[in-house]
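Okay, so chain A shows up in both of these, paired with chain B first and chain C after.
Let's look at the complex of A and B:
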């Protein structure tokens, strides 16, 4: 009974995607952009935003055209069954690795800032256990949690950003338009990868209670995320300037280290920042986790995904411990996103869409005849 | 209804008692909050062991007693000679009964000798930038002489040197005698071009004062600027507030306070010279004159004379300082390079490779305009 009721409202879906997307890019985006294009990062964010918005529109269009179909059914319908199995398998692998690397970064940051002497294994394991709890409850709970957390996160963020304003210097955003066009285009993947997470639309699409609103809400989500990234990037640059930003591993976290408020009380606000960030990361790891469990259930033809939640834990745990160091984690992540994400986020939806169009074409011919 | 409320309260109570716990099993009174830290070179005798590279001094406020007796608060400084900051932390831990905590560090003082050694200076800065616990808001100063001298002082107004200096640094608007920057700002300019102005700390036998600045070039200290010279640079950088100086007039001096102002740069390139123009607009008040003065202080022409005189004083002083930076140090702490990069990117792209050679040859023109707005209560 509770499985039949798995529907998520539009606002919940928007919340889920905002949190999922922001969680992957928030920490390092300003640094990668400063390294690649200096002060012209905002152009790259805009370009990345436009491209991903187009892709999101495309994916939600598929969801809208094939309402009530889950990812496997969509794939089977469009690209035939064998290909569907392969694609779903690739998707699961992709999400496994991405998820595990995110988890590792989460562990490293927490160990660095908060739990200095806790083994990283414990940090990651407890995160996974919390995720499992959410995953077993399904998309409805995820939606509600997202809807609950998003306003809290925004509310906590506003004063934090306001406090950083006193140290900013807007002239650090200059000069504009100094990077050659070719370099800008080369940097687009950087911003593209900080928008990752949107590809889950194809999997979560089946849960929209109003699939016809999917394209509109998808575009809306992407615009909000793009605006947030633009804001974040400008704040970091205005506070640190490009030269310093290039030397910070996590400029976003360092940004909040510059907060000082008369009266010693609100110094070292890291703990508040960590509260916000941990919930964002949780909301970034959990949806990916859920998508895997859902896909596995769909492949094996089961209605219930609960039993797949726990077996995934050891796999993710070991993958996340595979990189030797933080540097290695980021290197793997870079290489991985470069190839796998391009395939999943660009090739797959275009394939589906082409198949849809071709089928439509055949359909018309059939009618005419 | 009551039952519902009660159960909610119980849930909140259970959650708050179960979900909260101790962070690291260190009680707050077992923690030493290090407020000051200083870096020096060891004495020659100690330096014979190549591992003795620094003499590191930490200072904190310690509370002892309690438990029925009146608690005593005292300032403690400890120092150790070792290879680096982190080893020092471990070494000091063996000499204290409480655990050291650097998250509330207020001031970091670097001895002149360390600042003049490029490698040591860069190590110190990196150690602090890399540390996730220390704030970027730590005040930083370079001490004339050894840093430990400054840290062992107990200023009369506030026993703890760290708190004392941190308070001075926080009230930037009260004094313009030193470029009061914090660690974060120093790191930013150092990352940009390896140069910076860091406040000079002068300890005397009983007092400690902040005046002037150490000039850092290519990550090491190359010399001092006096208080007036560092004041000129803060003015050129646009921080114009609460500057007091006296303008001679006939046999008198007229003290002025500059309350507000703006500074902007301009770049002009002709065939045979590159020229930077510093435009400064200041406004301020006449603080005093003499009783029953012959001159009418409200007479605009009289004020104009004083204004022009004031502008000239600043202009001449600034030209001297700029010349010193160009010829003696060849270090661009005025931010000409960042100005060109931001506002004249095309020019900058052309000359950035040769900036070190170009900077000393720049013609610098200083234009100062002073407006005296108020003259106090008497005529």
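Let's look at the complex of A and C:
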């Protein structure tokens, strides 16, 4: 059979990351922002966007500097082998928990909007099985799927957003600049959560077919995601106003729920939205899943990651069932992202970069001597 | 059987490999007769040449594969009668006799000399005639292929309203000629292989030397050479041996019986594989998008063709998801559809004893059985099936209260949709997948349908045909943006200057051909 070359084009990478990032944040971002800073959410999104863009640039710079190296190799090269094992382990744990919590939220949403009487276990389990299929097909398939789905999702979303326009009131977006600067900065971690997913660049970096384009494309990705979040946040706020937004669990879905289009064959577009959303979440869970399997393979020195796909399923399944309720899930998620994500997304790349710079310094000295 | 062959078969085979013919005619004939023991279709015609019958000779051919008229008129007649009339030049050596025969006597278009017995056997079995002459240790092959063959007729599976009406036949040479007639370019190459340990089937690959992607060509060559099988009965065998993934439901190789489709594919840089005895040529590499195209798309004006293509994609979608949407909406999400329709639906389903999924499965299975019966039956009885099936499935089932009338409509539309997919082999895959969708819808509603769709997309994304992603150009959206001109819409021909993903990079443009080196093109 034809061997895959395990390379992903730049545009496919961009699609992967856009979908991965958007899938995590799309549902709750407007609510948490409205809770924290009211109408000034856009400033927080911008701040979060700038910070994450800088981080993405850092990570993709590492990828560019060490092309053709997978995450383990990068780590061993820069921060010695024992530390590499620890960091990779932490990464896997982090990805496991984050993934499972997302899965739980996903299950709750599906249960609430689509399948009222189906047990959440079945919903989550079938989702994981679908993910496993993609994980076993590998990164190349993921890249193609992302590039195929992204235009479709955009095309389906444009009419949905257009239909919501009639219910918006632009005065809901005002007043601007009401929140003190300190509160704004405190709210940045909230938007940070919505940008999670970009840290996978370090793991998927080895698959870039043109690593030299990684920084540029990474920045483009983040700009697009930021713009989308700005748009989404404004739409939700304009439709519901700050007060109402705070009390909606999933404001984005409620936004589409407001669509009424009498005379259309499909009276209730909500179900269609859910179907689209299933694919977005799938494209968010699956890359995380794949990254874990890849990392496990790298740690154990195996070339094929397929055998790690299935054993991860029960672990994720049980972690996702651990929180008692949805509120608890969000609580865990908040704490988790505050610490673990900060560590993974900020500390690790800076560590690698510093090691890289130090080594470079040594290298120069060595040359001089 | 396979094991038996391995253990004993090879040993039993007589070793003619590289065996040179003897000088003596009798010995040679004996050799051939030994090789063709119990083959009653081999004819040995022994005769003598010259006024004094001084040279003995024999003609060996396969009855039914060789053209008897040609042999008797231009070979035997000339050798036996005309040689007598020629004035006796000084013929001293056998070599001179041979030269005389080759140059002046046998009036056949193609002739060659070979030096081994096994080649002779191969040639006899392909329909050529072998001329053995006493005291001459080479064998003369007289081209005499000619057998009862079906003529070029209308394509049966790919009917078009507008477009050429010739289709490939079972004869290898006619098929290559049909393509050659459409591309008068020396850069159109035909490379021939013999595949099959026993059948020795002729297989040819046809491609434009300068447009084809060399990587694809090497891969095709490698895969055809790797085939190790006793006989190639149809191009379907070749397809299954060289395809990338043999577990999937989706064909990764296009087959066509239309020479115009093949010629167009060759000009896109693809490779056409012609197999003897099969009226279906194979085209590689193939994408899903190509499977949704029909030859006529390019002959009609572009807005019409584009609309038709979009219609086909819609049909494909319906044929996949039709019944599953019915099941999921009627069971899980009745709030999705307008209230009036939902009420009609539920009153419709009142009295139906089965759950919607069973109802849908019954109908789908029934219609698949009907279709299968209709395909295999001779035409006059086929019509009966239509009536019986239509009545039973349509009216009686509803009146008996087994199924809801709306489901009958859904199933009927689904069935018709699946027939509007141009490639039969894609349509079969879709029909099978429809059942997976029904099960998913029955257990998880729209969510199940979404999951199975995702699985299907993942699967399609993972497929490749000779190195080309199966779903391109959709999965390489940005990189091959201009390829989208020939997908959902068929842009005007004048805008389709692009050869697409299958052509090699330097030859992407169709319209620059004249500017490039005019090799082998003659005057224009």
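General observations
The criterion applied here is as follows: the second predicted complex is superposed on the first by the 360 of 369 C-alpha atoms of A that agree within 3 Å, B and C clash if a C-alpha of one lies under 4 Å from a C-alpha of the other, contacts with A are read in each partner's own complex, and residues count from 1 in each chain.
Here, contacts are C-beta pairs under 8 Å (C-beta built on N, C-alpha and C of every residue); 3 or more make two chains touch, one makes a residue touch a chain.
These numbers come from a predicted model, not from an experiment.
Once chain A is used to superpose the two complexes, chain B occupies space that clashes with chain C.
When the two complexes are superposed, the chain touching more residues of chain A, out of chain B and chain C, is C.
In the superposed model, A:178 makes contact with chain B only, not with chain C. Judged by the touch definition given at the top, the superposed model places A:240 against chain B, while chain C stays out of reach.
In the superposed model, A:145 makes contact with chain C only, not with chain B.
When the two complexes are overlaid on their common chain A, residue A:275 makes contact with chain C while staying clear of chain B.
In the overlay built on the shared chain, the residue A:12 is in contact with chain C alone; chain B does not reach it.
Touch criterion met: A:112 reaches chain B, while chain C stays clear of it. After superposition on chain A, the stretch of chain B whose C-alpha atoms clash with chain C is 9-17, while the remaining options among 9-17, 81-89 or 135-143 stay clear. Within chain A, the residues touched by chain B in the first complex and by chain C in the second are 267-268. Put simply, chain B touches chain A in their complex at residues 24, 103-104, 129, 132, 135-137, 170, 184, 187-188, 191-192, 338, 341-343, 345, 349.
Residues 1-2, 4, 9, 11-12, 110, 114-115, 118, 122-123, 126-127, 130, 133-134, 137-138, 140-141, 143-145, 147-151, 265-268, 271, 274-275, 278-279, 282 of chain A touch chain C in their complex. Contact residues on chain A toward chain B in their complex (touch as defined above): 112-113, 116-117, 167, 171-172, 174-175, 178, 240-241, 243-244, 246-247, 254, 257-260, 262, 267-268. By the touch criterion given at the top, residues 219, 244-245, 332-333, 335-339, 444-451, 453-455, 457-459, 461-462, 464, 466-467, 469, 471, 474-479 of chain C touch chain A in their complex.
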